[in-house]
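Both of the next two complexes hold chain A, though its partner changes from chain B to chain C.
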Partner chain A sequence: MKEFLEGSRTVARTVRLCRPGVIAAYPITPQTHIVEDLAQMVADGELDSQFINVESEHSAASVVLGAVAAGVRAFSATSSQGLLLMAEVIFNIAGMRLPLVIVNANRAVSAPINIWNDHQDSVTVRDAGILQFYAENNQEVADLVLLAYRVGEDPKISLPALVCMDGYILTHGHEVVDIPEQKQVDKFLPEFQPVVKLDPENPETMGYLGTPEIYMETRYALQETMLEALEVITSASQEFERIFGRALPPFYEAYKLEDAERAIVAMGSVAGTIKEVVDEMRQEGQKVGLLKLITYRPFPADALYEALENVPEIAVLEKAISMGAFGPVYTDLKASFQGKEAAPKISGFVIGLGGRDVSKDSIRRVFEELRGPQTPAKFMDVKTELVTA
Partner chain B sequence: MYAPLITKPGSSLERKTGSWRTNLRPKFLQKDCIACRLCYLICPEGCISGKEKNTFISDYNYCKGCGLCAGVCPKDDIEMVPEGETK
Partner chain C sequence: MTEHLFSRGHTACAGCGQALGARLVVDAAGRNCIITNNTGCLEVFSTGFPQSAWQVPWIHSLFENAAAVASGVEAALRYQGKLDKIKVIAQGGDGSTSDIGFGALSGMVERGHDVLYVCYDNEAYMNTGIQRSGLTPFDSNTTTSPPGKASFGNWRPKKPLPQIVAAHGAPYVATASVGFPRDVERKVKKALSIEGPKYIQLFVPCPLGWRHEARLTYEVARLVVETGLFPLVEFEDGELTRVRQIKPKPVEEYLKLQGRFSHLFRDEAGKAEIAKIQTIADANIKRFGLVAEKKEKAKESKKQEKASKS
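And now, the complex of A and B:
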């Protein structure tokens, strides 16, 4: 049913439809509305779930780890410092091969403290073995939560997933969303069948000492599984369309990319602004396009190569940077094109950190910059006069 | 794809960690032992076995050489000796 809802509420309503048995989270801006809503649903008896209050994000992640280990579907949500505090546990959740979904309200990382949006928090945990999806709008957040459970719980995969939504822009933005019917969700997401679980009748050990004789194999298995997830994501997205009647592209959305001479690659809500600029510039006769990256981990390198190989000039627009190097998506994309013949010219741009507005004008300037020399990590809209040498 | 990440309980026996031992190991003299089992109780590795007097031994596949057994033995019947010493 179509409703006008806040992003956080959209997530809470969708999570309710997923019937998690355990929810644990710690409040943090701008994620709080999500778990506030879920707590209310549990208190009102609208959601049959254990809502476990914890004293930190480290504990929240540990509680959901335990819940999934016991064979129960679980959910958590966090943001920024909270995600970083969860990081140690997230590596364990992935290593123990426990599927669960965490929604991250993307927010900048301290210091200085900043509660506004960028992607530094989630890209920082990209190496953990957790699937990562980025949403452009609230409908996509809801759809990706469903997809994330479905892919993560696939017995071939059995991995956690992080669904990323831009803090404030999406969490606090109201949009019309189509919340699916319970029976549709039940069909897409049948009861959780854990590959292994803690069971006194049939004891198991999880995450016990991996000596040098076996540790490397566990990491190899994680890497191989991540790559296998690319196929599972593809089939799950087809199944999604069959059941819910709307498309959810598996890896990326191509927007006016076919004949584009210049294209921007970006993740998250900024894609909406870019689409507007693309429309305007197309009207002026400029062949520009957008590739909105949805699946960041696993990185769909081959799919991106195919989508972008004929675009001569590409800008990777990122709300994050690996300090002292480049933007993380820029690095991955460059690696995907490394050694290929007639590879596009790929430039990296850092934009919108800590809630700095990304205007249509900024996007236009990025397209303009593409005409100039290749830049690896150019900060856009930065007031250099405020910084002393 | 799965690696042997998840195993049945008791898998600690498969991970022979005795090579981490410091350069001393306990030598059970088996002379004055009264079978009080204090060494068996205190060993953090749970690698001491024995029942009757003068039968207690440590499994060097797991012993870390911490010396707690030697320290607790009321009969001084456990001696810490340098690795490699056979007598």
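And now, the complex of A and C:
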């Protein structure tokens, strides 16, 4: 049913349809509306779930870890510092192969403290072994929550997933969304069947000490599984379209890319603004396009190569940077092209940190910059007069 | 031979009080339990893949989160309607309980989860090499509180963790020592018969870290109680309800068995420090009423008699 809803409420309504038995959360802006809505649903008897108010994000992640280990589907949401505090637990959840979904309201990382949007928080946990999906709009957030549970709980995968939505821009933005029927969701997302669980009938030890004789194999298996998830994401996205009647591209959305001479690669809500600029520039006769990256982990390197191999000039537009190096997506994309036949010019741009508006003008300037020399990590819209040498 | 739920195959040191304690706890709890375990000696020596000494479902996640993981396990069991049949136990060492995992423990108790938390108190971070924790006793020699020309070792007394947990309003809090194994069993069983968050701080000597002979574990674990340095007490709903009474022995008898206190036996200055430790024991005896009032009164009257005669 189509409704006009806030992004956070859209997430809460979708999570309710996924029937999590345990929800744990700690307040952090701008994620709070999600768990407030879920708490109200539990209070109103509309959601049969144990809602646990924890004393930190570290414990929020630990509570859902315990719940999944005991065989129950679980959910949490966080943002920024909260995600960083969870980081230790997230590596552990992934290593223990426990599937669960966390929604991250993307927010800048301190210092200076800043509650507005960028992607530094979630890209920082990219190495953990948690699947990562980025949404452009609220419909996509809802759809990715469903997809994330489905893929993560696949017994071949059994991994946690992070669904990323831009703080304020999406969490607090109202849009028309299509919330699916419970019957459809139950069909797409059957009851959780854990691969291993804590059960006195069959006592298992979980979380062994891994000596050098076996540790490396567990990490190798995790990497192999992450790559295998690419196939599972593809088949789940096909199943998604069959059941819900709308497309959810598995890895990326290509926008006017086919004959593009210049293209931007970006994640999240900024894709909406970029599409508008692409439309305007196309009307002016300029062959520009967009690749909106949805699946960041696992990184769909081959699919991206195929999608972009005929584009001579590519800009990776990122709301994050690995300090002292480059933007994380830029690095991954360059690696995907290294040693291959197609060798487009790939430049990196850092934009919109800490909620700095990304205007259509800035995006236009990125397209223009692409014609100049290759640049690995150019900060856009920096007020140089504020930066002392 | 009795079948233990914490069985053979672990790699604990000879005389390890924690291995003894873990066996007492899980045997008293029985098969229908799920254990969550902080990182530490117990986790390392009992679950080196592919061997596990645990015959009950057991999970280790991180150093500081056993209480939070147990909260999640408990919530899941509640959701599944299985909580009446399965008990949840969280456990960790003194460092993970009193320091890095203190917030998680406090949260678990404050939220009222139906979980028994067992702190195996061997009074320092043994797994990382005998560093000081919040439960290290006064003047103890650890690798991060070494005695020297300007120090007698650890400069603070133990954090009063049982009282702190009791102050949360936990329905049951107790201290126990592996020197009194039947008492440990009774307390674990009692705790598990009560709904809500429970806390047991179990005194477990560490021959390696405390530098005493492996054969003395039991004796050390009895003497700490008999001197008044580790009172065996029970709190119900925040109120002190039961104590194990003692005929106090001087603290020297306990201290002299352990290398971690040997620096106190070298000179007069060390003697003064031992006197300070005696005041800690005396304060415990007074605070918790460890010496039966009747006997005390009898002593008092005898003293008075003597005084009047002389």
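Annotations
Simple rule for what comes next: the second predicted complex is superposed on the first by the 388 of 389 C-alpha atoms of A that agree within 3 Å, B and C clash if a C-alpha of one lies under 4 Å from a C-alpha of the other, contacts with A are read in each partner's own complex, and residues count from 1 in each chain.
Simple rule for what comes next: contacts are C-beta pairs under 8 Å (C-beta built on N, C-alpha and C of every residue); 3 or more make two chains touch, one makes a residue touch a chain.
These numbers come from a predicted model, not from an experiment.
Using the contact criterion defined above for the overlaid structures, shared-chain residue A:Pro200 touches chain C, although it does not reach chain B.
By the touch criterion defined above, A:Thr211 lies against chain B and chain C together after alignment on the C-alpha atoms of chain A.
By the touch criterion defined above, A:Thr225 reaches chain B but does not reach chain C.
Touched residues of chain A were counted for both chain B and chain C, and C has more of them. Contacts of A:Arg97 after superposition: chain B is touched, whereas chain C is not reached.
In the superposed model, A:Glu55 lies in contact with chain C only, and not with chain B. On chain A, the surface patch touched by chain B in one complex and by chain C in the other comprises residues 96, 203-211, 214. Residue ranges of chain B in contact with chain A, taken from their complex: 1-9, 11-12, 15, 17. Listed in rising order, the residues of chain A touching chain B in the complex are 95-97, 158, 195-196, 203-211, 213-214, 217-218, 220-221, 224-225, 228.
Interface residues of chain C facing chain A in the complex, by the touch rule stated above, are 31-34, 36-37, 43-44, 47-50, 52, 54-62, 64-65, 67-80, 86, 103-104, 106-107, 110-111. Every residue of chain A that touches chain C in the complex is listed here, in rising order: 21-22, 24, 48-50, 52-56, 58-59, 62-72, 74, 88-89, 92, 96, 198-200, 202-211, 214.
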